[in-house]
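Before I ask anything, here is the structure I am working with.
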Amino acid sequence: MDFLLDFLGRLVGQLQSPTLGFLLGGMLIAALGSKLQIPQAIYQFIVFMLLMKIGIKGGMEIRDANLLEMALPALASVILGVGIVLGGSFLFSLIPSVRREDGIATAGLFGAVSASTLAAAMVLLEEESIGFEAWVPALYPFMDIPALILAIVLANKHLKQQEGSGTTVSSWSIVKDSLRSSAVSAMLLGIALGLFTNPERVYDSFYDPLFRGFLSVLMLIMGMEAWSRIHELKRVAQWYAVYAFVGPILHGLAAFGLGYIAHVLVGFSPGGVVLLAVIAASNSDISGPPTLRGAIPTANPSAYIGASTSVGTPVALAICIPLFIALAKAVFDL
Amino acid sequence: MDFLLDFLGRLVGQLQSPTLGFLLGGMLIAALGSKLQIPQAIYQFIVFMLLMKIGIKGGMEIRDANLLEMALPALASVILGVGIVLGGSFLFSLIPSVRREDGIATAGLFGAVSASTLAAAMVLLEEESIGFEAWVPALYPFMDIPALILAIVLANKHLKQQEGSGTTVSSWSIVKDSLRSSAVSAMLLGIALGLFTNPERVYDSFYDPLFRGFLSVLMLIMGMEAWSRIHELKRVAQWYAVYAFVGPILHGLAAFGLGYIAHVLVGFSPGGVVLLAVIAASNSDISGPPTLRGAIPTANPSAYIGASTSVGTPVALAICIPLFIALAKAVFDL
Amino acid sequence: MDFLLDFLGRLVGQLQSPTLGFLLGGMLIAALGSKLQIPQAIYQFIVFMLLMKIGIKGGMEIRDANLLEMALPALASVILGVGIVLGGSFLFSLIPSVRREDGIATAGLFGAVSASTLAAAMVLLEEESIGFEAWVPALYPFMDIPALILAIVLANKHLKQQEGSGTTVSSWSIVKDSLRSSAVSAMLLGIALGLFTNPERVYDSFYDPLFRGFLSVLMLIMGMEAWSRIHELKRVAQWYAVYAFVGPILHGLAAFGLGYIAHVLVGFSPGGVVLLAVIAASNSDISGPPTLRGAIPTANPSAYIGASTSVGTPVALAICIPLFIALAKAVFDL
Amino acid sequence: MTLHKAIKVVVITEIIISEQVCHTIESCGATGYTVVAAGGKGDRNVRTISDRASVVEEFRNIKIECIVKTHDTAQLILESVAEKWFRNYSGIAYLEEVEILRSDKF
Amino acid sequence: MTLHKAIKVVVITEIIISEQVCHTIESCGATGYTVVAAGGKGDRNVRTISDRASVVEEFRNIKIECIVKTHDTAQLILESVAEKWFRNYSGIAYLEEVEILRSDKF
Amino acid sequence: MTLHKAIKVVVITEIIISEQVCHTIESCGATGYTVVAAGGKGDRNVRTISDRASVVEEFRNIKIECIVKTHDTAQLILESVAEKWFRNYSGIAYLEEVEILRSDKF
């Protein structure tokens, strides 16, 4: 009860946070029909900047980190990515009105990861002064890639069974595609630069100070997009909306649990547990949709994109992040 | 006499200000045929940043401001917006070579407001350490919206009389369109974020420090545009150029007068008086032209765009801002 | 021997520099097929920012500089620009498999100058705390313009002799075109603003602090481009690759020699000598190629663009800059 | 497979009215359309396709193409668009004959 | 100079498969093609050409035009593209008659 | 309303010479034209329409379309452009028949 009151208090407090304020503001002005537009070129550059910032920082810190500590959380990430896709596909398969491959693609997107949500969580943790190991954001691909591969493999297996029309897709080519996607390759590049060069000055004068501001613009864009894609959601069964609302919370809670185990076993930090939960709760907004469109062409994009952009992402940002921070404070007594 | 010398001294000094230097530099390189180009995406983002900066700052300060003080200046803004359009339309109606709807549209543009000019004035006031109430920039829509509505209504009334071809335009739909325009909605969004969230950190680390630099780039763009649109002005009667030169100065002086009254009655600050005068002197560059093109389609865009971009805006920036600052120093003994 | 060891040590150290790290990183991710992309609008804006930064700084310092000191280095620049084009054209004319105008155009590009390479050298000198006169970057057009003019004139003379098909091109129109190119006109605008206005505040709050970060993004772009254009080089004779590899080093060494003479005669600074060498070693990436495409249309763009973007620029950045810094340290005993 | 004759209607006009023109086209019976950003020069003005910053951006052109099955529908679209929009906005419109695969799609 | 008859094949489809569609077109014997960014509306969706930031950018259209000398090649391209791509991705395709200067170029 | 036959000339070439080609077209008697940014593949090179940063940006294509009343004018434009520009720059050009509403406009 106390915990609930505490959490509700925090939730209201978090909505005061400019990060979520920009998200809600974006939804609001889109709903009111504002013609405000942030150019595509700016959006692409902001995403690049955030990923480089996260990557460089991670790379610089990994240099003197004990990477063995990373093993357990990385394993947890793989398990979560695989588990979310299997669970989601199974649930959708129970609903007759949902086409099999649409369900698999949607579960794949929610198993994959959003860099924007991750960045927002990092800023909010910082505002609450909750620390985490610098390599935590590098868990991203450990969840993202297995989730996408599994979804594509499942969908193709299903198509072959059903109609003999599925094409064989090698999982190695999906791994390569994921590593080459703009999001993952920007983060890996950042990590490499942080590891092998001395980017302190450029990091301190550019990537770090601009991070918070660019993130605010990104949140605004996510909010506007969430609203403007809601009509796609209306074209498909309401079950997608239900899944997109409940899924992130459950996925995050499962990840929180696994993170807690890692905390007990290898001393995984409280902030790390929160980030792991947010990574699990997030869904892939940048590279996931085109990857799925290309690899599962029979799946209806309106289903998975509507669910993810219009419901899943706002829920991950505005509900899950505050929820897991509050939970961490209670559980770890911060 | 002394005042004149003082003013001329200041004018020369202001041209040393980089803000105006960038404007003149832009005109110069466009005149010399430079191929330098700032991409459209950057321009859109800069305008967004400036309006957010102005809005957030305003919102944060409005929190503990006495909004009653705003009533009189807001009323003055409405009066100015309406008065400029009525006056301009009347003057143009005296000139036989000017089509009625072209004159009304031009007066409408000069009654409306430019966010860029407003931002430049704020930087120049800051350089002179002349303070103003943080809500003053929020007077913008109080002048902008009435001016555009009135112009559209006048033009449609005229078209109906003349040829029975004007379509009925509801003023409410014009208000909605104005509020939804990218400029006004960005500023209102900023105000809301400043009021309801705690954006201090993102404001101090991003929107505020980049303001001055982005403004310099914007001035460069305005200068290049001013030059490159001068050929449009040549296609239409020279009266447009005359109006565009004299109008801003007169509009600004009238606003200065009303601002002075507000100073005496409710203690409106000297900086506020200057900003009110600049708002009146400015003309709408971003949202005005497409609004008028859509709502008064029979008016010739070369007339109003040439007049505003090539003459009105440079006069407002390079003559009116220094003029009103000098005036304020003399009048308020700063 | 000691010098060589010292140099090799430095070269490895320089590769640790993030500036070169970003270049190599860009080549690497392009080679690995990454889909990461920096938008064209961002690239254009970054180049603008760097040139304004260089120009404004130069302008501010020129105010109280003794411009006579500039005379000898400026003369050296002209000699280098002309000499590189004459030498390169002659060498290419010895190779039967290379068409005459292709060789001339390539030599023209290598005689001309790259603003990005110049900016990278400035950051690396700063990191080594090696000073230089602020007007040194303004030597840029003194080498760039003569080189391009000479190449165009040579090519047209050749075409007229050969087939009577060359058109007369006035050198004045080439000068005008060069001065109007986006790169040169941005730098000249910056110099004018630095000279005639007081841009200290906007320089210190915007152009200067963002320089290092934007340069890192630019290096990434250059690296990606270098890789993705390598296929153009494969279509043409391998002699272009040889020239593009050896040329920058020889051009830079010649410039270092002339700079050294200026050092002895008029006290040209060690940092200035390095910059002069880098300017000579660089090749024009922004304005050169379209200028040549327009003025020597019969020359094959694959030849000169492949050679310059894929080999010349990486060599200038990753080999020449560290080489000349090491040389300066040894020669001037820094 | 046999090919079927169809008609393509092309409208080039100001981007500011693009949504309304598309609406006019659909209300005449078109089942779809394709749009492309365009510049150009006509009686009234030069319009650019460059990415150069321009304060009054919305004065650009759009090219709308729409395939319909019958010449009558095509002519109806042509006349409706011209009648409704070309008095106050710049623009041109024309028809072309094309061959399509499946006629049920349009 | 005399002009020669030729056929233009036009394909409008999703940008995400543009490279593969171009490959299909070339494998049918085309010597070149021209592409243009497009938006549009059809059975499935509305696609934009605006520069507005959109998180899922790759759902835009592309218009591919390709001139070939014979009607047979044109029809082959049309059928191959439709067969291979239009079951799972949105798109339309059609032919137009054109006149070219030099027939050896195509 | 009756429709009139007219001819559309299409030129696809390098963006770097777009202004000069438009000038050539106008000097042959065209009253207007429409331009569209394009990419493509031909004998010489692949040209992109992506927004990816590219150091040598000006090597892109442009598609110029121009409607004229007579086949003779169209052929004149075609031959002038080919003669003047296609020896040193890449490009193709062709004609199409179209139907227009008002013939006085062109």
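Residue numbering begins at 1 within each chain, and the chains themselves are lettered A, B, C, D, E and F in the order written.
Heads up, the rule we're going with is that contacts are C-beta pairs under 8 Å (C-beta built on N, C-alpha and C of every residue); 3 or more make two chains touch, one makes a residue touch a chain.
This is a predicted model, so every value here is computed, not measured.
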{"item": "Chain-contact steps, minimal, separating chain E from chain A", "value": "1"}
{"item": "Shortest path length from chain C to chain E (each step joins two touching chains)", "value": "2"}
{"item": "Remotest chain, chain F as reference, centres from CA atoms", "value": "A"}
{"item": "Gap in Å, rounded to a whole number, between the CA centres of chain C and chain A", "value": "42"}
{"item": "Computed distance of Cα centres, chain E from chain B, in Å", "value": "47"}
{"item": "Rounded Å distance, chain B centre to chain F centre (Cα mean)", "value": "41"}
{"item": "Residues of chain B engaged with two or more neighbouring chains", "value": "37-42, 210"}
{"item": "Set of chain E residues in contact with two or more other chains", "value": "36-37, 51, 96-97"}
{"item": "Interfacial residue positions of chain E with respect to chain F in the complex", "value": "1, 3, 6, 8, 22, 31-37, 62, 67, 96-102, 105"}
{"item": "Contacting residues of chain E [partner chain D, same complex]", "value": "10, 12, 36-43, 49, 61, 63, 75, 78-79, 82, 92-97"}
{"item": "Interface residues, chain A side, partner chain B - complex", "value": "15-18, 20-22, 25, 28-29, 32-42, 127, 209-210, 212-214, 216, 220"}
{"item": "Chain E-touching residues of chain A, taken from the complex the two chains share", "value": "37-43, 221-222, 224-225, 285-286, 289-290, 293-294, 297-298, 301-302, 305, 309"}
{"item": "Complex contact set, residues of chain E against chain A", "value": "14, 16-17, 45, 50-59, 88-89"}
